[in-house]
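Here come two complexes built around subunit A, the first alongside subunit B, the second alongside subunit C.
Up next is the complex of A and B:
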């Protein structure tokens, strides 16, 4: 770099503190041009986007140049169509509309087929698996857990083969539409502690759990007798009655008394005694009739029956 | 104002435009041959028909919408992405191998920047004439002739750039339909963006920036430099022969024959400057090996032609190694391949190529994966038996629809419950996920830790897939 090419720079003419001067170098070209381009950008922006306020309204950009239309559902359930200038949110809504239209084809297929036909169609079942998982997670998982496995003492397991209210497609559908209310009266006022212990031993004996034979025999009489009248709800064979939703006491599945998790025979007995003496009024499932669309309920029915794997 | 401009511009060397002289010779012929082969393949391949059952009949089609790459009879799925990784590794090793052996051969003969720059220079030569004519045109003021000649050559470059961009996009679409759709406004947005972007970049890189891409932008150009070894063959000027003791000089009277020159101590270089005029990056090879040199060999051709015309032996500029040039008794230039680095790269190329072909050769027509449903890990049924649930994902990689029969081994056959879907029908090139339940009686469940899913395609001769799977009961 040759120094002799550099001439004396021009200054503003002001001098401070003896020798301090201000140069009048021009701004760099890239900066100046960048600045001009922002002017051009501004004008283009006015043409495309809302910009200038005019009284109570504003300029909306050239109509049709940059608009996007989408359908949205308001809080009170009304569908409204909106047209607005292009922005990320409206673009998102627009794309969601397209995806919903695509999804609707599949929902229509499910709605137009019988339960059995859906379960036989591998392509439809793949849709049931994915759409069902979303619906289930949004609506059912808070009680039945994300995998439908339920929680002992709180909500039934939907992945096993025991169905208190019946496990056919129609029965599951009825349950979802109408909800359920499980109830068992408390027996501590009718039976004394010894009787409750005997009854609990009998209940344990039905499932092959450790129990006291003598107490169980006495318990069997209480079960079948009219003072407690357990058989009235649970059936003479103790296998429960679907129309009442009463539990099958003879299988290995426990909903209210957490027998499998109890660490020894005493704890198992206590778990059963607790349910008999206290009864329960917690088995409440809300109805989904007006919260979900009919095709969603139908899809959930197939999901619970086939994907979660209860059914039979 | 004036002063500041002067001080600013002094920071940068003024860019000197390069007008290359055309040359004839064996390296020029090789470059032209590479160009013809490369362009034939690139521009014609999308138009090559190939009979195909499940997609458009195009020999090479990268179908992004169905996520399948059709390469003749090979169909590549996204899960084969590691083939691409291996291919890139092979390409890298090949570059290192070649560079260690013969320098930047990639840059000089094969790089698309070099090829398109070469083509655009040919366009300029065809319209504007040879180097002196182009120089004259450059210096003359803007008149009708200059506007017409410069304008038409740039218009032609833009057309070539557009066709280059279109051809690239045609690999991702069925080319005949795509050509029509592109001009009738029915192609996808991405296609227009791709074609526009590649047209601009091709035109700017090969038409305007040219050697600046190699010297300023390209990382490969720079890191190939560090792969040179003393034994690497590079385009070199034999300074000892060219300069002699008294330096190079013009063949003026009394210095015309070799004997006369040698008697006065002058070398063989007659300082004609042709090697500089033909250089696409505008360097003087006589200043030694430089990072700008793309090793295209055109200066060798230029110098050999001059040596022939003055009757001196060829090879004043030649492919030779640094070591041999410095040697007191140099031998004829030869490939020094018996070196650890070169052999190492060669082994890496062979091993990776073998692995890639083995992988492609042994690919299966079906890909199955089993995912265990983990919520819950296992289910106890009312009779005390255990149930595990699985999701079986089947990818049909064949060109025809296929039905798969799913069964189990290692446990009783009736333990498997496929619901109402006993056989899975998967369309060509598609995939499907199905539910499977496995129920084992209490005692057996506690003894069973693993079993196999057996997936049998129903087409005769198709290979059965056996997948070991876990069974949980605690």
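Up next is the complex of A and C:
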């Protein structure tokens, strides 16, 4: 059928199976010219971009035709301007420069002011809130959760007024830079089950949870005694010691033993007993000085202190 | 030369076909002779310790690469989220490499040290307990399954034949001491592999269960070393621009 429409069909001259022939119609002109243009494009590309490998090196394009200028920071903090032929790594440096240039004046302001001054400057706090939210979501939220509310049995709540390692700007800064490591020795070797039960009753009594009075009184003696020496880390008043990061046992905040979620008094007791007997070698917060820049850490400090709430 | 002549003359067809195939073949094969120079040496990059290597095998077994890439490209948005772009040298001991091409989850090329062992263990066990919006499956068997490291020496020997510098002889060990320092060289010595593997697991306590050497230990030890071998603070921030 379609053969009728072709006016002068030229063929290769082969004939198979009586009437099967191979046409030699030329390709459409637009296609042929498109093909030639790709040749021209390639040659222009070679002149502007890195292209051909030659032994141990490669062509870099005609010098000066397509160069990239960027500012590098050396190990000792000097800024050096450099110009290279076009390549992905230089382009990347250039793009990073552009981004930093836009944020630089704000970050410089944060780095150059005291925490209190940053916190008082409404414009600056707007920057802290938006940049801080991004940094927090990328780095902190996996443990402390998206709103900084923490997770019982895993990571502390950053939105309340309780700060295990201290909630001043400087203390928060130290925590972010160096990380933290929660540790409590196991007491199952030192104390027998009855003693652990008594101690757990005392701990529950401190925060007004249901407990057994007699057992709690005995537990108080163990707490203050020297065989377990609980007071050594948690303080004689059981309010915790910020320099050790030990928990305040007298408030309603529970980080490791999930007392608030326990169904009944027995479950609450078991939760506390579990921590006392097994101890804790968890609650590791990584150090961030290897991953974040000093000005980013300072900004995060203000964000955690002012924007998340708390900070006493 | 007309197409018709080539098609009808077997001798010419054969010669020209071979020419075409050789040209294509050479373009693919010749660069392999230069691979050692193409992958520029970077200080700090070393082969995996036996425990990390087992962790990597589990990473491959569980198909982590299907959702996670290990390749930070030199783009601003990637650097801001993941850190310095990946260098060729950083995966030169990977056989096969885990660059990947699909990011259902985040890139893992520099995940080492970002989270605690505790977090990694809890997250692999039940991702949504820490990241509520996550679509990652639970991997509860990692913590329950004892790590099988009986064939660790064979695994290292296999990699040694592909060019990973695990040492079998004293001479190879001495070479590693020169190249990587004594501590690393010890961990690369195949005859001590089992001993080193157990020691690292006990010291690191990656699965937060000191009494057990589980598959979780191996996998977390691998995740914690990813992207941490090169210390970028030692270099000007454009040092790697001259790399290919």
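Following the convention adopted for this analysis, the second predicted complex is superposed on the first by the 212 of 312 C-alpha atoms of A that agree within 3 Å, B and C clash if a C-alpha of one lies under 4 Å from a C-alpha of the other, contacts with A are read in each partner's own complex, and residues count from 1 in each chain.
Convention: a residue touches a chain if its C-beta (ideal position, glycine included) is under 8 Å from a C-beta of that chain, and two chains touch if they have at least 3 such contacts.
These numbers come from a predicted model, not from an experiment.
> Once chain A of both complexes is superposed, is A:129 in touch with subunit B (first), subunit C (second), both, or neither?
Only subunit B; A:129 stays clear of subunit C.
> Going by the contact rule set out at the top, does A:84 touch subunit B (first), subunit C (second), both, or neither?
A:84 sits against subunit C, while subunit B stays out of touch.
> Give one of first, second, both or neither to describe whether A:63 is in contact with subunit B, with subunit C, with both, or with none.
neither
> So, does A:25 touch the first partner subunit B, the second partner subunit C, both, or neither?
So A:25 only meets subunit B here.
> Which residues of subunit A are in contact with subunit B in one complex and with subunit C in the other?
Correct list for subunit A: 145.
> Contact residues on subunit A for subunit B in the complex?
Residues 1-2, 5-10, 23-26, 116, 119-120, 122-123, 125-126, 129, 145-149, 157, 159-162, 248, 251-253, 260, 306-307, 309, 311.
> Inside the complex, what are the residues of subunit C that reach subunit A?
4, 31, 34, 37, 74-76, 79-81, 83, 85, 113-119, 122-123, 129-131, 205, 208, 210, 233-238, 240-244
> Where on subunit B is subunit A touching in the complex?
Interface residues on subunit B, with respect to subunit A: 1-4, 6-7, 10-11, 373-376, 379-384, 387, 389, 391, 419-421, 424-425, 432-435, 437.
> Show which residues of subunit A lie in contact with subunit C when the two form their complex.
These residues of subunit A touch subunit C: 12-13, 53, 56, 58, 70, 72-75, 80, 82, 84, 87-93, 95-96, 99, 138-139, 142-143, 145, 151, 154, 281-286, 290-291.
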